[in-house]
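Following are the structures in question.
Two complexes, one shared chain (subunit A), two partners (subunit B, subunit C).
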Partner chain A sequence: MQLKALSSRKFIIMGLLPAIAVYAIFVFVPVVWSGYYGFFNWSGIGAARFIGFDNYTEIFRDPIFWTALRNNIIFVLASVFGQIPIALIVAILVQKDGKRSWFMRTAVFMPMVLSTVVIGMIWQYIYHPQIGILNFLLEWLGLESWQRVWLSEDYGIYALIPPLIWSFVGLYLIIFIAALQNIPGEIHDAAQLDGATGVRKIVAVTLPMIKGTILVAVVLCISGSLKSFDLVYIMTRGGPAHATELLATYMYNSTFTSYRYGFGSAISTTIVLVSLVLIGISQWLMSIKSKSNQ
Partner chain B sequence: MRNFTRTGTAAALSAMMVVLAACGGGSNNGSGGSGDQVTLSVMHNWTGQDAKATAMRGLLDQFQEDHPDIKLEVEGLATDGLKTRLRTVAAANEMPDLFVMWPGVMTQEFVSGDLIQPIGEYLDSKPEWKDNFIENAFDDYTVDGKIYSAPMNLAPTSFVYYNQAIFDEYGVEVPKTWDELLAAIETFNQNDVIPIALGNKANWFVQSTIFSSLGDRVTGTDWFLKAVAQDGASFTDPQFVAALDKLQELSEADAFQDGFNSIDENQMVQLYFQGKAAMFISGGWAMANVVKNAPEDILQQTHITILPSVEGGEGDPMSTSGVVGTGMGISSKLEGAEKEAAMELLYALSGPEGQQATLESSTLVSYDIPLDESKADPLFVELYNLMQDIKITPVYDAKLSSAAVEVTNNGLQELLGGGDPAAIAEKIQNAQVGAAQ
Partner chain C sequence: MAQATTAGAAAGDSTGGLRKLRGGVFWTLLLIYGILTLYPLYWLFLSSFKSNAEFFNSPFGLPQEWLWQNFTNAWESSNIGRAFGNSLIATMGALVITLFISLLASFILARFRFRWKGVVMTFFVIGMLIPIHSTLVPLFIMMKQIAMLNTYWALIFPYTAFALPTAIFVLTAYLATIPKDLEEAAFMDGSGLWGIFFRIMIPMSLPALSTVIILSFLHSWNDFSFALVFITSSTLKTLPLAISNFADGYQTDYGLTLAAMTIAVIPTIVMYLAFQEQVMKGMTAGAVKG
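Moving on to the complex of A and B:
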């Protein structure tokens, strides 16, 4: 019996090994490597010069880094408090109403199958200062005073939030629908017998039942929005004058526009650390919450 | 049947092995083997459907046809992609045998990494070719006295394209001085015409097309080159701050339409094509777009000139910023027969025939050949004749370090949004100093 357990454990390890090896080679090693390059001054060509922690101190003294970090945190908050509640509400509505659910699901999910480039182009034309639909709509409604140059120094980062939310809500919608469908029917029946309906049922029964899924979605959401790059790169390239810079675009511009590979690597490492800290904080907050609930 | 499938699988597997082996092989520089067949890998950016790209691809095809003993492995990438790709292969020390590269900073960096080889001897062996290049044509391909490539075209970066009909309608003369320009801007604004269309989302645009020329008008070329070398001049000097001030005067006078930092070059030209803007400022490259895509009535009214002179400036007003165009770099690994073949291809692309083909595709060249005015588009003839009278001055992004270019590009966006010129000048200065360390 014991022998069998041992061999099956061996088998599990053997089975996991290829995946772990691939992960280590293509994810873990480059991360460490990148951290190592961060100690060098290297233009990508010629010899690299070891400069210790200079790149890292420069990052923390660079105001662009702090702008990028602030923008990234705005993105994380907007995603967590935008995408997840909207997706949850839509999922519950779709769950309730069978007739319109197919249409709703498709409509909300559609941006997920669009390439980010397409999304970026669509929203760029919505925000276009001369021929944009948004400014046109405001004029038509008589709200000329609300017209703006949307993708500008002052409003750019906020103007990027609607396309960001719009493009990812579909993913969480699908996750939540799957979770809602996994709630056993008996529980709904029991809730009904106890007289729980409407909002009360959602808060007291449905949400606690899919709490695990929500937590996973929040983590996905945080890590996803920390990695944001493509939408911003297409719509503003981090400009004007770094106003919409994110950590990832800051890294990309430093590496591939200024050709400072060492500095760029140091930023990448910093992004990893910042991500770990944020994920850690969110996990900690949730564990406190779940403990206080018990 | 079963046996057949097995053979098929084996064949597929062995094909896969070959592919894998080929990937692992990388650049096969070892000229080993029989030696009668030479293979050259070529990387270029002539991927478009415009006349220039088509002409250059034609030259490559022609070369292949004329030289059956040389096998060309050609890869075309869009310009931005090529620049990034070259950096990447340079970092891995796997340069293609021949590739399109840019003069100035890129050439210097490739030389410092010992990635390309000089072509001086070959040039000297064909004096009738070498002597026909325009003055200073090789300067930006020269490092430590050695020439590394020959320019295949000429790329002035700053021209004012204007719509004569709009100027006539409001009785405005084409501005020759800065004050006339500001007056014209005011008139156009009063009449709800965009004075100058601008698309600076890709933030090199203002730097390359407006500021390089404007800066030279104010500071003079000598000062700029000294500041680049950090030799007796600094970007915090009053003349540079004055140049930044001049640029800011434009945005303060509402010379550009709203949101110029959020639209790109194509959208900018569209505003002009729609007749909403009286002018736009762009490089010689915009010519092809105007000639090909402008509505007939706009095209007929479009003319071309240079930025107006700036009173009290140090620079020569009869000048515009520009660089000699791209040239072919030759990998330092090539020797013997491969090197000879590479030189021949270089000559085919940048020799007299190549230059002629380029000029006929409405692209300026750094080579002294006459233009057949009957064949060319009238606007290109205008450009060609304009170029005969003016001098070329440096473009900022071809001289400054990559890091300082990035800071300048962003600084100019900030400046046009109302930033403080002195603070921006200081950032540029710091970046240029930092890169020299």
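Moving on to the complex of A and C:
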């Protein structure tokens, strides 16, 4: 094509510049800056004082950091072992098109489009110790002994798991249905001829066929767990007594409640590093995927 | 109901009937799961019409009297109306800028050959690995220094930046599949590159734009963390931020708070029900690519 005229060079630069500029200024530069500010003690007013790695040693000695990291890992595990099995079972049962399947997909996916603020607040009402519908329901069922303060130091982090699963399971359902519908019909016919039906067919034929998609879903669960700031902030603010803190709420609480911008920058950088480690694990999982496809 | 018919069939034929019965049991379980999934929303809508007394005394029942004034009170006594407008401005601002600059960049990445193309693509891929929350503190510091905090731009630019990579990947992939005849003909007719972009590329990419519009709209409309950190002025608060503050302020007036929450979710639910297939496709594509 003749678009390689003299004017096209200018056009290429002009056309790419806005996207690259916005992206660099609002995504790349901040991350580099937080790496730099992480070495300073700075309250936002006055001069920043260089303190070397002091912020980082403080982070690694802080028990709240380790609680937050542990909670992030709990969220990853809950996503992988909660969302994926539920989504897989429902997907296998509703993969054929039809009214009932349409209803299930519509219902399960619905929370994906809702604001996390509203989701968090609805679940706060569900868990409320005095007026919450969960405790009402337990009383109605005669299970008063099961009633408790759900968002407490002991149960809080586990009570956050149902809303987490509820909000994202629809995404995995749609991904799995798409993968199941992509399995060629001949495979089902061959399985039929070999006498594989029901659960045996699912384990021996269906699951191996969508192994790659399941690994993609695991990777999504890992990266998704780092994005759960909103839900936890709305429901518990990371409390009580920091029991439900995630890395992101730990960063928010340390930075904006005590004006420690240097320390907060160091936590931001730590979050980037932790997510790079998690991405490394994901890549390793994906390399298993590509081997298994050969 | 489904069970009754399958039970009748089971009496007739043994193995086929057994399978149908099992199918009926599965469907009943699925239906229960589906209803459980929708229950929190159903509860929200019903409770938003209740008085405080009813909210306590019959948490599961229908409202005896549908209190529409919960909605009018919520709209008037708080800044929900104002917040609705703010959300609309920030979301639409980000949407327009995202569409324009991602289309322009995708046109170039899909249609031109130049040396740095791979570098530009890698630049956007690497950026997608950066977790959004790790930019909150440095962006706050930066915006404070250039006095951008508490402006619409403090939201529009970050929303745009985080919508860009997916938008560019979706649009570039789509534009690469369109035959080049049309734009070659237009070029022969003497159209400039900008002319080709506006008169041919934008209309042709409309099918792929729906994905980009849905993703960008939902992310910006539902965002909480950027608004929480960058906006403190009460006149600029977006809907999610205003709702969360509203709940803190009116803790004891439940009908009012729940009405405000309902107002916040209705636009996204309407959009979802109207464009269901596109929303599902768009969000899964966005997640898998992101």
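For this structure, a couple of remarks:
Basically, the second predicted complex is superposed on the first by the 245 of 294 C-alpha atoms of A that agree within 3 Å, B and C clash if a C-alpha of one lies under 4 Å from a C-alpha of the other, contacts with A are read in each partner's own complex, and residues count from 1 in each chain.
In this text, contacts are C-beta pairs under 8 Å (C-beta built on N, C-alpha and C of every residue); 3 or more make two chains touch, one makes a residue touch a chain.
None of these values were measured; they are calculated from a predicted model.
Applying the stated contact rule after C-alpha superposition, one finds that A:100 touches subunit C and leaves subunit B untouched.
Judged by the touch definition given at the top, the superposed model places A:155 against neither subunit B nor subunit C.
In the superposition on chain A, A:261 contacts both subunit B and subunit C. Contacts of A:19 after superposition: subunit C is touched, whereas subunit B is not reached. Counting residues of subunit A touched by each partner, subunit B versus subunit C, the larger count belongs to C.
After overlaying the two complexes on the shared chain, residue contacts for A:122 are found with subunit C alone; subunit B is out of touch.
Across the superposed pair, subunit B and subunit C both touch subunit A at residues 44, 256, 261.
On the side of subunit B, the complex with subunit A involves touching residues 84, 87-88, 90-91, 109-110, 112-113, 115, 200-203, 257-259, 261-263, 267, 271, 276, 402-403, 405-406, 410-411, 413-414, 417, 419.
By the touch criterion given at the top, residues 43-46, 124, 127-130, 149-153, 156, 236-237, 239-242, 253-254, 256-261 of subunit A touch subunit B in their complex. Listing the residues of subunit C that touch subunit A in their complex gives 26-27, 30-31, 33-35, 37-38, 40-41, 43-44, 47, 55-56, 59-60, 97, 100-102, 104-105, 107-109, 111-114, 120, 123-124, 127, 129-142, 144, 157-158, 160-162, 164-165, 168, 180, 184, 187, 192-194, 197, 218, 221-222, 224-225, 228-229, 239-241, 243-244, 247, 254, 257, 261, 264-265, 268-269, 271-273, 276, 279-280, 283-284, 287-288. Those residues of subunit A lying in contact with subunit C across their complex are 1-4, 7-9, 11-12, 15-16, 18-20, 22-23, 25-31, 33-34, 37, 44, 90, 93-94, 100, 103-118, 121-123, 125-126, 131, 133, 136, 166, 171, 174-175, 178, 216, 220, 226-227, 229-230, 233-234, 248, 251-252, 255-256, 261, 264-265, 267-269, 271-272, 275-276, 279.
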